[in-house]
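Labels run A, B, C and D following the written order; every chain starts at residue 1.
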């Protein structure tokens, strides 16, 4: 990414519009406390809660990586599960066929996803807005169908199940700390990307693409870079899924799975970095709770989503910034 | 320590009570309850399979509770939708065990979800009973000692159909086409079917093999390809709604005038097709209540019909059987402990509504047979759908894989 | 006829009209002048309910129309001729007119499709042509015709001379004069101030969303200060 | 490959194309006017099928089928109208993603309600006696009902073409697509027009479901399984273009038929490849227009 000297005005304008929420120091301290509390999880949480957290931490990375496109790049992708699935399959396939060390497979997984993202992005980014969304969806389905059909290589619809992680990681607490550690580092890296010159220029491509183009910014190049980076972290999230559940199967690549991080971002708020992370926690916990307690979980989930979409346009984080809904009585 | 002394005292008094009169012990324990979990497809295209299975398990629990419960405890059934997703199914199982303290899990519909759930159940040493999904891998490559399968597996079922066909055609040369969902169930089934035909000495040629995707809504192009192949017999591996769709569309082509279809026409498909199932078609079902003899079966189907206003599907019959299996395992082990129940059931013979079932010690596969028959021309007035004109129970001993084969594939440890 | 009282209109967060008031009497032609971005089009859109004002009120013949939706305001008797090429380009000329006539069903007044075609004979020969293929002047005829079919009491003309050849501007001048003779009230927003001041009875000057001056057009046209402000070149007075 | 096979393959491709067009046309119409991708479209289609199966299952006499064909679209159109007035109307100004998620929520809600009303079992509508059985076409047996479906698709295409090209309502819809504000300024109640368009699009879905019901199992998954193919058809053709939907449906019908014949194990992947290829070459679909979305 070449940061052209001509661009600071755009970047500057946008950076001034950044989150005007809590004071950064307060925020950082608060987050540190939350991370410490999570790290101490095994001391006070039950086993099922810990496992739930393992899943959600991976999903939080998945959502934040997707939101790099969604909230920062203005690119609605319904195909990020492609890369999530590739991350998980990289570990599972290695275990089944190649038997290379786990750590090698784990490190390679995000790169494999990024490579796939490069080729998908090269084609999909030619299309605009809705067509882009539907094209990424088509790629997602293509990978899904292939994973389901290449029976001997991928295990078909059943997927791959087995002891694909080292015994040390299979110890519940170790697995938890490992996932927590990787997720926190990944989120920090993603955050770094969003506040880097690249991240600011990416926002410029979202907010005023013509202006960015006229200032000599290579919009396509930036979007492709964002797509590859997002693919990388989605792949990492997928690899974390494989650590959590020790399996990979075609549904991980499905467009329905691609919808999850989008939903999480919208619920949490796609215009703040933490929105998708918060969204991941809320969406997954709510979904688990509803599935476990009622047959009508789809109905309730649908209604809850509607309420959030219709009455909290910037998601829960946005709502928090603008003031509580029952205090202000609508934002219009 | 004070605490452990109290526990020892408690255990001692319990043991005393147990050693005392049985009636006393039973009434003392009856105050408690115990939970079993079922997570299966309750929404989506094959929700019917999950729904009827769940209903039967709830009925079985109610029946057991009416008789004083299992090991004196009332049984509570918790259920959750797996939404056909392995991840959701696995999480549900974990939550049942860790949060609801479920002592047994009853199985899902699709094999992908079953494989995921099997792993979780084993991790927490909780027995899991498969009554709908029947992937042979569950008892071989993915075998754990906590799994029990009370349904004919993906080898047994097509082998039974092959045996039936072998008896029907004798030495005559026949041509065959297959159409199965592009899904592990479909693949395994058709492969086993052809292998079994060969083993049974049938002289056949395969003319066409089609694999439309699961849940397809348009089969015309596949049917056109099948028609071009002119097979004597067409083996159709579709199940649930897919089979209804395929039958309707093939019917329109007059396809069944030229070929004899073979398919898993169960209660739901027979009912949905309302008398339009081609008469004489070779049909099979894992537990067709109308073809199964015995007073237990009759009582069950009447009770099920009275409660849910529909006749039980095979999934319901087997769901009930699965519950019976678990309950008797607990009684035999005299414990809800997973290891003990597993040990008690391994190699045991269970009395069920469908007759005695022996769970082989080597792979925990029940010796359940498959019912194969031909579709009657007329609708059965009592049930409102076509049943079988002739049917045969192909016994398990004729079709089950030998322990030598299955154990060879089981994980070693 | 139309009375606008202290309206405030926003585009998202930006406060465009900051308390605009103006009035148009029956049969009067009023010009709304000002530089690009002064708020002329926003005033028009506020009247039509397209960007409803957040505060203030607008009344037509004494009846309040603030808060009504656009089609209700149109039905109350206001015809709107938007600026630019806003004809339904996928429909033919005749379909454009028939559509407007259909929407105007039930209105009383002199304007029918036949009479519009009489006023703009050029449209007769173009009637089968896709409206998107018309020239700027032809589109202006079509837009005007469409608005007249409503038989409005008040006509809003947004930048009618924009992008027109000088000869067509002259035609436009004649058409507006004719409509004024038929006692139609007109609100005209214009960049071309000399054109507007020549034809109108009174004028308002908008600057940054506020009315700066208002006076009879002749007075505005004669004030050197205003002429300089509006940048009128004394040589190019149309009409 | 002999002639008979070609005829049968051709007709099956057309049947596939017809049923795809029947679903995609309403989706495309709604998108054209409202710029909304309706994820719940497949579910509305399922409601049409359920309605037909419920009605027709009650008696099974032929004339009820024709009644169902008329009433099912109205029933589904009413559901669509309610959804538009209560939900979609609020989000036209918001971005596509929000609209997509609103219709996704609608999909969740409607799917759940269908489970409650109709249960989990497969239902089925018979073919009316006059249309069941096989017909001889070009020397081959072909299902009469499939021919009826092809006929319905053609009729629907012509009706939409006439509606949009020849009627005042159609002109207004096209005018609203181009410039809803100016249309409102000429006195049209554009909100009501949008409700009407959404209701018509939903009604088309309901009609599609009612027509297809006798050809397949009516079960809770049927909406989900068609929606992705419907998207693909509409997108290949160019969203908003009815002619495009017809071309897209035909293309997919042919691609599927050829794929099934020559490379059956890869056939399900073909339609996605087709979409990717078309959009890679023409990023707005075959008949799509470059618009600001």
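Simple rule for what comes next: a contact is a pair of C-beta atoms (placed from the backbone, for glycine too) under 8 Å apart; a residue touches a chain by one contact, two chains touch by 3 or more.
These numbers come from a predicted model, not from an experiment.
Novice: Write out the two chains that share the greatest number of C-beta pairs in contact.
Specialist: B-D
Novice: Among the chains, which one keeps its Cα centre farthest from the Cα centre of chain C?
Specialist: B
Novice: By C-alpha centroids, what is the most central chain here?
Specialist: Centroid comparison flags D as closest.
Novice: Provide the C-alpha centroid distance between chain C and chain D, rounded to the nearest whole angstrom.
Specialist: Distance between chain centres: 43 Å.
Novice: Between chain A and chain B, what distance separates the C-alpha centroids? Give it in angstrom.
Specialist: 38
Novice: So how far apart, in whole Å, are chain B and chain D when each is placed at the average of its C-alpha atoms?
Specialist: Taking the average C-alpha coordinate of chain B and of chain D, the gap between them is 37 Å.
Novice: Centroid of chain A to centroid of chain C, CA atoms only: how many Å?
Specialist: Roughly 51 Å, centre to centre.
Novice: On chain D, where are the residues touching two or more other chains?
Specialist: 111-112, 265, 268
Novice: For chain B, what residues touch not just one other chain but two or more?
Specialist: Chain B, residues with two or more chain partners: 42-43, 182, 213.
Novice: Mind pulling the chain A residues that touch 2 or more other chains?
Specialist: Within chain A, the residues that touch at least two other chains are 145, 149, 297-298.
Novice: Could you run through all the chain pairs that touch each other?
Specialist: Applying the touch criterion to every chain pair yields A-B, A-D, B-D, C-D.
Novice: Could you pull out which chain C residues touch chain D in their complex?
Specialist: Interface residues on the chain C side: 48, 50, 69-71, 74-75, 80, 82, 86, 88-91, 95, 98-100, 102-104, 146-147, 149-150.
Novice: What part of chain A is in contact with chain B in the complex they form?
Specialist: Touching chain B: residues 46-48, 51-52, 55, 145, 148-149, 151, 156-159, 161, 245-247, 249, 251, 288, 291-292, 295, 297-298 of chain A.
Novice: With touch defined as at the start, can you tell me which chain D residues reach chain C in the complex?
Specialist: 168, 171-172, 174-175, 177-179, 181-191
Novice: Quick check: in the complex, which residue numbers of chain B touch chain A?
Specialist: Counting only chain B, the residues touching chain A are 42-43, 80-81, 83-88, 90-92, 94-95, 98-99, 110-112, 115-116, 119, 135, 137, 142, 182-184, 187, 213-214.
Novice: Give the list of chain D residues in touch with chain B in this complex.
Specialist: That would be residues 4-5, 8-9, 11-13, 15-16, 19, 57, 60, 111-112, 115, 119-124, 126-127, 132-134, 141-146, 212, 214-222, 224-226, 256-257, 260-261, 264-265, 267-268 of chain D.
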